[in-house]
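Encoded as structure tokens, the structure appears first; notes follow it.
Letters A, B, C and D name the chains as they come in the text, with residue numbers starting at 1 for each one.
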Amino acid sequence: MDRILEVVIAKYNYWIYIVLMMIGLYGVIAKNNLVKKIVGMSIFQTAIILFFISMGMKKGATIPIIIHGQEASVRASDYINPLPHVLMLTAIVVAVSTLGVALALAVKIYKEFDTLEEDEILEKIRKS
Amino acid sequence: MTSHLPALVVTVPLLTAFAAFAAGWLRPKLCFPVGLTGLGITAISSIWLLAEVLEAGTVTYELGRWPAPWGIVYVVDRLNGVVLAAISLCAFIQWISSRASVKSQFSDRIGAFYGLELLFVTGVMGITVTGDAFNLYVLLEIASITAYALIAMGGGRAPLSSLNYVFMGTIGACFYLLGVGYLYIMTGSLNMADLASILRGMRSSQAILVAFVIIIVGVWLKMGFFPLHGWLPNAYTHAPWPATTLIAPLMTKVMAYVMMRLVLFLFGPEYSFGVLGLKDVVVWWASLAVVAGSVIALSQKDLKRMITCIILIEIAYMVGGTFLGNRSGTTGAIFHLVNDVFMTLCVFLAVSSLAFRQRELDMDTMEGLFSEMPFTMGALVTGALSIVGVPPTCGFFSKWLLLKGALEAGHYEFMVALILSSLVCLVLFFRVFEAAYFDHGERSHGHHRMREAPLGMVVPLLVVAIGIVALGLMSGEVISSIIEPALPRGVL
Amino acid sequence: MIWQLDLVILTLVVICGIGSLMIKDLLGAAILFGAYSFMMCVLWAVMGAVDVAFTEASVGAGVSTVFFVAAVFHTTRRTKD
Amino acid sequence: MLIWASGEFPPWGDPNSPASLHVSPRYIEKTMEETSVPNAVTSVLADYRGYDTMFETTVIFAAGVSCFMLLRLFSGRERSSHHYRHILTGLTLRVRRKGKQLPELEEFEPMDSLWTPYDLILRTLCRFLIPFIQLFALYVIAHGHHSPGGGFQGGVILGASMILLAISQDMRSALRRIRERTLAIFSVAGVAIYAGTGALCLILGSNFLDYAALSRIFPVDPVGARSLGIFLVEVGVGIAVMATMIVIYHNLASEGFLDEGL
């Protein structure tokens, strides 16, 4: 029992991100409404960011800002790995840019077809 | 100055993009010459870079002067040197030829359009030149976001197709990022050369296997490889012409390059082809994709849609050729990639100049085009013959290598698919030429005679057509001096 | 780092994520997505990624919710699923 | 498949995982020595992997240009729908019409480009808040070396303050403060500051984005020059992000007409 708990505590972060990723993927693929799909896409991206952040984590370490007065004796194991954070800052920016473009497209589609449901749009295209 | 060339090929289009966008607000007339100069410098420096690489071997450039695993480095070897030269030339030629149609379609937002086009070029150049796995993701997103916007500028269905592309492209890029995360958690590095050397010792890891699969699937999604191609025909068909002629030749080819880079260099041929046993499955799958692409292309009526479907076939060639795993197959795939940039560019430019004079592009409206637009049609014939694979053009030689590779590897199904798809392409283009060559004389009176496309479109088109033939004639030297030495030693 | 707290926030994140996909009102989905982002940001702050959490708080919970609301306002709140 | 692969991962929070042993210790141990920036995230972001960040800013710029290009309408085309507000209940109605005017009703007022919301509390409160938000944003940009934050976060907050102005008052008054043309120039200028700093280093004879080269024109030593370069870059990022966020919001919230907001 203790062993199982240990494994769960050691790995649950990695599992939760998979759950979130599947939720997002379901949103993108199965939903019919375009804005819902965009929400799903954002969830998908955030899940991957979560994965990266959890892998940078170190037990017993503090945030990666060097404490004043201790500049001379910095040990790497005292600070959380900053590299995944940097990568994920970039990924967040990419995510918000994609979100902006996707929403602009959704607004444009609504202007053109007067609806956000994918099946109704396809219906309208087939008719014309 | 020569030592800074790898940085120049990316930063020059980037800075030009800002200049073009600012010029769009201040003085719209300046956009075109600014971009022309920028792309010209880029093309010259990338060719120079290729010469440098051929002479002195691999060039490495440390950005911010941080050494390799800590900072980001650019690595140019023969493989991406030749791809870089092809991309920059293609962008330069397209820039000249699209001037008239951009002017007529986007007169009120010319700066934004040109800025996005230049950013797209920056993105694909960066993807090609970078030696860092995460940097590749960022540049991939630049190329994708600009491509989404450019595609969505077409009327009617274009925004919907583009939004579909957004979803598929984001999922693909995220899969790639996830795979990079798996690699990072197992190795702790992001630099490609460093990763490759660490991965050599981790052959049996499950996590690396999963990373390999996820990354390749993500890249295939971006490439539009067969079962994942859903977004491609719609997006390219509904895009406005100046955007299609830029994106269609470059985006999928660059992703094919990324696949080769990862399979051949990052994971290494021994891992990709040896440990997994996925090799044969992928080749079978590629053969299937070739056949499926041919069927899809045959069922199209619209000319633009038809030529976008041909991209599906070409992509499947490259995947199959890479995964044949022997020397001639891989060489064929790389050479086909370079050829395909120019072949696709030629065909798309030719069709776009037809479309510039004539809005509807059905088979029925093409009658008598040979006598009316002889140069455009001549270039179209050259491009088409190259896609079909007729000897003096370059398409023949790469297909020949692919066939040879398939024969050596014993994959007869890939050979059959190759020959079959060549026949299909022949049929497809022959339909067009038949309609265009024979003037049935039963034209409706509304059909006025068309003039040749403007000079700014015809001249670049002819240059590309001559380039295709020239590349075909020089194929021996290109293969033996550039592409063969580019392969890693593990490819037998 | 308290793993129980972590688990609670993770559960909330999952609930908000599912909720924003399930709710039958796009404005509600936008707001729930903001809540999801905020939970995510708390989670990252707990994990020590302060810079990322800061960014997510300003971008995910702030600006992207505003973008969503603006887009929904100009299109429609109606949704079938 | 993904769960199966996670079986081999090092346990969560393990200080000895390869991810935290191979490359990253150098970032933490050398950040003070090589860049004199205590916040390791900032130094890695803007210096060691500064190239990524340049393209990150470019991505945001591309998104702004895309939104502008997709949605902006220049000609005075008729809007497809208009909003009316019920005076007593405050409900907003959307009426679609094609060229026809609605009968003027007593209890409805049109929400056209001249209409301004008049919630006194909201307006006054936002008026008070916005300067403080902007001040905080500037602090975040400037203090990114020592505490969490930096150009990107500060830029977003600065942009959000302008968006708040556009929401709480109306878009016209927000646009009077910063014109669209100014925003466009700002967003270009911000990214150009970043790329220009890099190019300056190139011109000064070093590699692209090697801030140490800045010590040749500024009176600081190479390590201080790296710190200075990081600061310059952060300011550029801040400006670009602020302008781009506002551009995206304006185009999204007014369907490209840039007259009325939410």
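Following the convention adopted for this analysis, contacts are C-beta pairs under 8 Å (C-beta built on N, C-alpha and C of every residue); 3 or more make two chains touch, one makes a residue touch a chain.
As the structure is a computational prediction, the values presented were derived from the model and not from experiment.
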Interface with more contacting C-beta pairs, comparing C-D to A-B: A-B
Between chain C and chain B, distance of the C-alpha-averaged centres to the nearest whole Å: 37
Distance from the mean Cα position of chain D to that of chain A, given in whole angstrom: 19
Centre-of-Cα separation between chain B and chain A, whole angstrom: 29
Junction residues of chain C, two or more chains touched: 1, 50-51, 55, 59, 63, 67, 70-71, 74
Multi-partner residues of chain A (each touching 2 or more other chains): 9, 12-13, 21, 54-57, 59, 61, 63-65, 83-85, 87, 89-90, 93-94, 96-98, 100-101, 103-108
Residues of chain B whose C-beta touches two or more other chains: 134, 138, 141, 145, 148-149, 152, 159, 184-185, 190
Chain pairs that touch, as defined at the top of this document: A-B, A-C, A-D, B-D, C-D
Chain C to chain D touching residues, read off their complex: 1, 50-51, 53-55, 58-59, 62-63, 66-67, 69-71, 73-74
Chain D to chain A touching residues, read off their complex: 2-3, 6-7, 9, 11-15, 17, 19-20, 23-25, 27-29, 31-32, 38-41, 44-45, 49, 52-53, 56-57, 59-60, 62-64, 66-67, 70-71, 80, 146-148, 152, 248, 251-252, 255
Interfacial residue positions of chain A with respect to chain B in the complex: 21, 25, 28, 34, 37, 41, 44-45, 48, 51-52, 55, 83-84, 87, 90-91, 94, 97-98, 101-102, 105-106, 108-109, 112-113, 121, 125
Residues of chain A touching chain C in the complex: 9, 12-13, 16, 19-20, 23-24, 26-27, 31-33, 35-36, 39-40, 42-43, 46, 49-50, 53-54, 56-57, 59, 61-65, 80, 84-85, 88-89, 92-93, 96, 99-100, 103-104, 106-107, 110, 115-117
Chain C residues touching chain A - in the complex, by the definition given at the top: 1, 3, 6-7, 10, 13-14, 17-18, 20-21, 26, 29-30, 33, 36-37, 40, 43-44, 47-52, 55-56, 59-60, 63-64, 67-68, 70-72, 74-76, 78-81
